[in-house]
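Both complexes below contain chain A, partnered by chain B and then by chain C.
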Partner chain A sequence: MALLHINGLTHYFGGLRAVYDFNLALEEGELIGLIGPNGAGKTTVFNLITGIYRPTKGTIQFNGQNLVGLQPHQITAKGICRTFQTIRLFNNVSVLDNVRIAFYSQVRSNLLDAFFRTPHLVSEDKALTREAYRLLEIFNLERYAQELAMNLPYGEQKRVEIARALATKPRLLLLDEPAAGMNPGEIDRLMDLIQRIRQEFGLTIFLIEHQMRLVMRICRYIKVMDFGETIAEGTPEEIRTNPRVLQAYLGEEVE
Partner chain B sequence: MAQWQKLRSHLSAIPVLAYLLGFGIASAIELFIGYPVASLLGLPTMPTLFGIILVQQSLALLPSAIAYDLLIYLVPTYIAARLLTPLVQKLLQKVPSQRLMLVYVLALFLVALLWGGFHEYRTMILCLMGINFILCISLNLVNGYMGEFSVGHAGFMGVGAYIASILTVWVFPRSLGHLVFPLALLAGGAGAAIAGLLVAIPSFKIRGDYLAIITLATNFIIKNGIENIERIGGSRGFMGMAKLTNVPWVFFWSVLTLVLIRNFVLSPYGRGVIAIREDEIAAEAMTVNTRRMKIIAFCTSSFFAGIAGGLFAHLLLYINPSSFTLLKSTECLVMVYLGGMASISGSLVGAATFTILLEMLRPLEVWKWVLIPLLLLVMLLRRHTGLMGFREFQFLIPREEAEVYGSTSH
Partner chain C sequence: MTYILQQLINAVQLGSIYALIALGYSMVYGVLRFINFAHGDIFMVGAFLSYFAAVLIKRLAGATAIPTALIFVGSMLLAMLGTALITLSIERIAYRPLRRYRLSVVITALGMGVFLEHMTLVIVGPWRISFHPLITETVYKVVGVSISTTQLVIIFVSILLMLILEFIVRQTKQGMAMRAISYDREAVPLMGVNVDHIITLTFAIASCLAAAGGLLYAHAYPIIEPYMGIMVGWKAFISAVVGGIGVIRGAMLGGYILGFVEIAAGAIFPSRMRDLISFVVLMIVLLAKPTGIFGLPLRQKV
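Coming up: the complex of A and B.
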């Protein structure tokens, strides 16, 4: 049984067909990539999986449970978390609190505990704070803990976003262009990081990426989209030589 | 310049609590020698608000008013504060930090009672200050912490005021007075919280400017609704309440509001509310149940506005629908933005400053509504987050959070 099972996923924005008949069976522990030119519908697929949009047609099953119609926060609580193409941190909030916010669904204290600040809430919050620091340490971010997120350099903000996503305890992590705007050195470090957290947290990873270097190196299986349709899928080797992929990326050959 | 620096560091070496107690002692002395000193200085009456109102009546009284302030307040406060410093420092070391807030609250209560408890006009100002604080901090929960722009806070205040008044006048036996007063206030708060759903539910779909218009509409719905119910007096208003609001009650409800809202905003749920302000989509993606948090924030906010309304009704003993118009809502907004966004300390500072400013400028009549907005304008240009925006006084932060953060929060 696949961890994430998508069948016939289709989505229209008005008359525009953004995604058409997208299928995926993602096994636990896999790391696969989704590539394609701008506007191919990659991010829409992520938005459909995480519940931001409701699909026009098709089914999405995670761990055997149906996801269509659930609110985004419910889907994340089930174990699918994502990062965003353009960073969406909580800017005027400390890095530590960015991570602590993501513990929301794991909080056991109720609202009365919160209003009266009961010992139960205090001890739970302390434990969460410790866990947040532990996460930040993994990403070498603990020295920024008290800094406002917006004051961090771009690359560090990207890492805070991944750390924050991991705080929701996901089984499946969706990364939307993690390497966007990074230089080659930073991309190398990012690849190491992705591999490391994948092993350390036992994650399944599904990533969108433009940087071929990164996708070809770390993904063992790649799907290619163009104009909402899946035009190719396979190993990096197969993708590299696939004529339809070359056509989508480089344009048609003149005979 | 160097001497000025020296003076500043000398004065800031004295703990705030010592100044507070010093001011209390000065107020106690004033109780006995206030009148003789005032007449000795040639003032027609004892200055009620540090002589500022007297000076506006006749500028010639300025030197005497300043002399009065120096003799009665400044000098005794300074001397008492200096003498108390070693004692206070010992006390601050002994008191465990969780109890520190309690010490400040008690000291503040004592000082408020000594300064204003024996003086009808000052009592009124203190009560208004407390009511304004409740309004300000509850509005800050929505506007400052959650980042929505609610401009109809007075509507919820009106609901609370009417429900509480109807209960104490028509339902509860008058002889029970203070015993049932909290019940009436809570009922008013609950009614206001339900009215808060009028805003909370549209907020699921609508954000920003559009939601602001809905809060505006809610204010009008409530005001015009009350105006059209003849049973409760319509536009003539409602009266017959007993004077139940006094300094201890106002103080009690203010502290309760402060503690509950502080606890909430520092809890994981409060962080969820802050996440909505920062980025709603990201908040949802990070498991925050934004709908639930919006309902809770709007209802909590209007609940406390309702409590403030009940206190207000039993202070002025007369309410009518035009007490709860957009002008009152605007006053709440001014306090929030003057004091500071997303800050409990800011709500304290904002409500206190605004209430006193309003009283001080009362002789200017309509012109005060030119001067106050102008002051606000200048202040926002210099410091656009308000006096205490996004910062807190240290004694308001619980120890566990302070350990994580040092002196400022978020």
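Coming up: the complex of A and C.
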């Protein structure tokens, strides 16, 4: 049984067909890529999985449980988390608090505990702060812990976003263009990082990317979308030589 | 000099009450980008519920004498509970279903305000009720300035409530979620936060502060009537905007600024010009800083 099972996923925005008959069986521990030209419907697929949109048609099952109709916070609680194409950090709070907020559903202490600073709250608070620092260390961000998120350089902000996503303890991580805006050196480091967290946290990863170099190197299986439809899927080698993919990316030949 | 000090105390007293109410506008705006125009009337309901709670407590106590301080605290807590229940029902019935329709929900808020005014009118009648103070009044003279127990209690209780609020917002996970929602509402649920819970909590806190404001206001100006929330509500709303709406400290500062401006205007000019002058001053502040004193410039979407 696949960890994430998507069947016949279709979504319309009014009359616009954003995603049509998208299928996916993602096994535990896999890392697969989703590519396609701008406006192909890739981010919409992520928004459907995470419950931001409700699909017009089709089913999404995670770990054998239906996700369609659940609220985003319930889906996060089941173990799916994501990052965003454009950075969506909480700029008005510190980097540490950005990570700590993602522990929200794991916090057991309530408001009364907070008022009376019960031992339970204090120990939980300490444990979570330690955990947050550990995550920041993995991403080499611990020196920014007290800094406001908005004051960090772009590449660091992207890493904070991944650290924050990991704090929700996901089994499946959805990365939306993690390498966007990075230079080749940064992309290399990002690839190592993705591989490392995948092993360390036992993650399954589904990523959208424009940087072919990243997708081709780290994904063993790739799906290609264009105008909402899946036009190809296979290994990087198969994708590289697929005429429909080339056509979608390079434009149609004029006869 | 004594006169100025005296007026300063009056300004702090009035400003504290405006600040308490302004916080409610600001917090709800922070999480929902929505102005709860019924909030002034929630304040009015808070004043009436405090009145009835005090009557109820006194009647239950019967012949046993209980300290007025206890009646004061008891009525405040009961009024908070009552207004919170009313506000949460309003949120559930009138705001939540319309949350995505930003203009309609503002209209419903105005409608809920009118509804509360007239429900009160129907229940208590069109009379102005004099509020029997729950504070034993003593006037202290400090270097020629007189300050009453009522003024001290109003200032102390307001500041205490604001400190509790600061604590919730800064030190609890719910507070952290509130701050995050005010920054990016779509991303917060993906962190596993149930946004509806946070919105409910925000409305509950806002209405508790308004209820306390109602009780305190009724001690400063001991006449309560169903329309008392309209003008006070507008003024608190303006305080919130002047301080920078959505920013908690902004609402506090805005409340005190309005308190000072109003008392100063009343002290310098004929009292019938008080509202005119204070609103003009606030307009000037807004023209100079359209997002309010602590308000951030609009975020650019990249």
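Remarks
Following the convention adopted for this analysis, the second predicted complex is superposed on the first by the 250 of 255 C-alpha atoms of A that agree within 3 Å, B and C clash if a C-alpha of one lies under 4 Å from a C-alpha of the other, contacts with A are read in each partner's own complex, and residues count from 1 in each chain.
Note that contacts are C-beta pairs under 8 Å (C-beta built on N, C-alpha and C of every residue); 3 or more make two chains touch, one makes a residue touch a chain.
Note that this is a predicted model, so its numbers are computed, not measured.
Superposition of the two complexes onto chain A shows a clash between chain B and chain C. Set against each other, chain B and chain C touch different numbers of residues in chain A, with B touching more. Once the two complexes are laid over each other on the shared chain, residue contacts for A:Thr168 go to chain B and to chain C alike. Contact with both chain B and chain C is seen for A:Thr76 once the two complexes are overlaid on the shared chain. Of the two partner chains, chain C is the only one that A:Thr86 touches; chain B does not reach it. In the superposition on chain A, A:Leu16 makes contact with neither chain B nor chain C. Residue contacts after overlaying the shared chain place A:Asp97 against chain B and chain C alike. Once the two complexes are laid over each other on the shared chain, residue contacts for A:Met1 go to neither chain B nor chain C.
In the superposition on chain A, contact is made by A:Val107 with both chain B and chain C. Shared-chain residue A:Leu250: touches no atom of chain B or chain C. Comparing the two interfaces of chain A, the one with chain B and the one with chain C have residues 50-52, 71-73, 76-77, 81-82, 84, 88, 90-93, 97, 100-107, 109, 111, 114-115, 164, 168 in common. Chain B makes touch with chain A in their complex at residues 260, 263-264, 266-272, 274-275, 277-279, 281-291, 296, 390, 398, 400, 404-406, 410. On chain A, the positions that touch chain B within their shared complex are 50-52, 71-73, 76-77, 81-82, 84, 88-94, 96-97, 100-107, 109, 111, 113-117, 121-122, 125-126, 128-129, 146, 164-165, 167-168.
Interface of chain A with chain C (complex): residues 50-52, 71-73, 76-77, 81-82, 84, 86, 88, 90-93, 97, 100-107, 109, 111, 114-115, 164, 168. Only residues 167-168, 171-174, 176-177, 179-180, 182-184, 186-195, 302 of chain C touch chain A when the two sit together in their complex.
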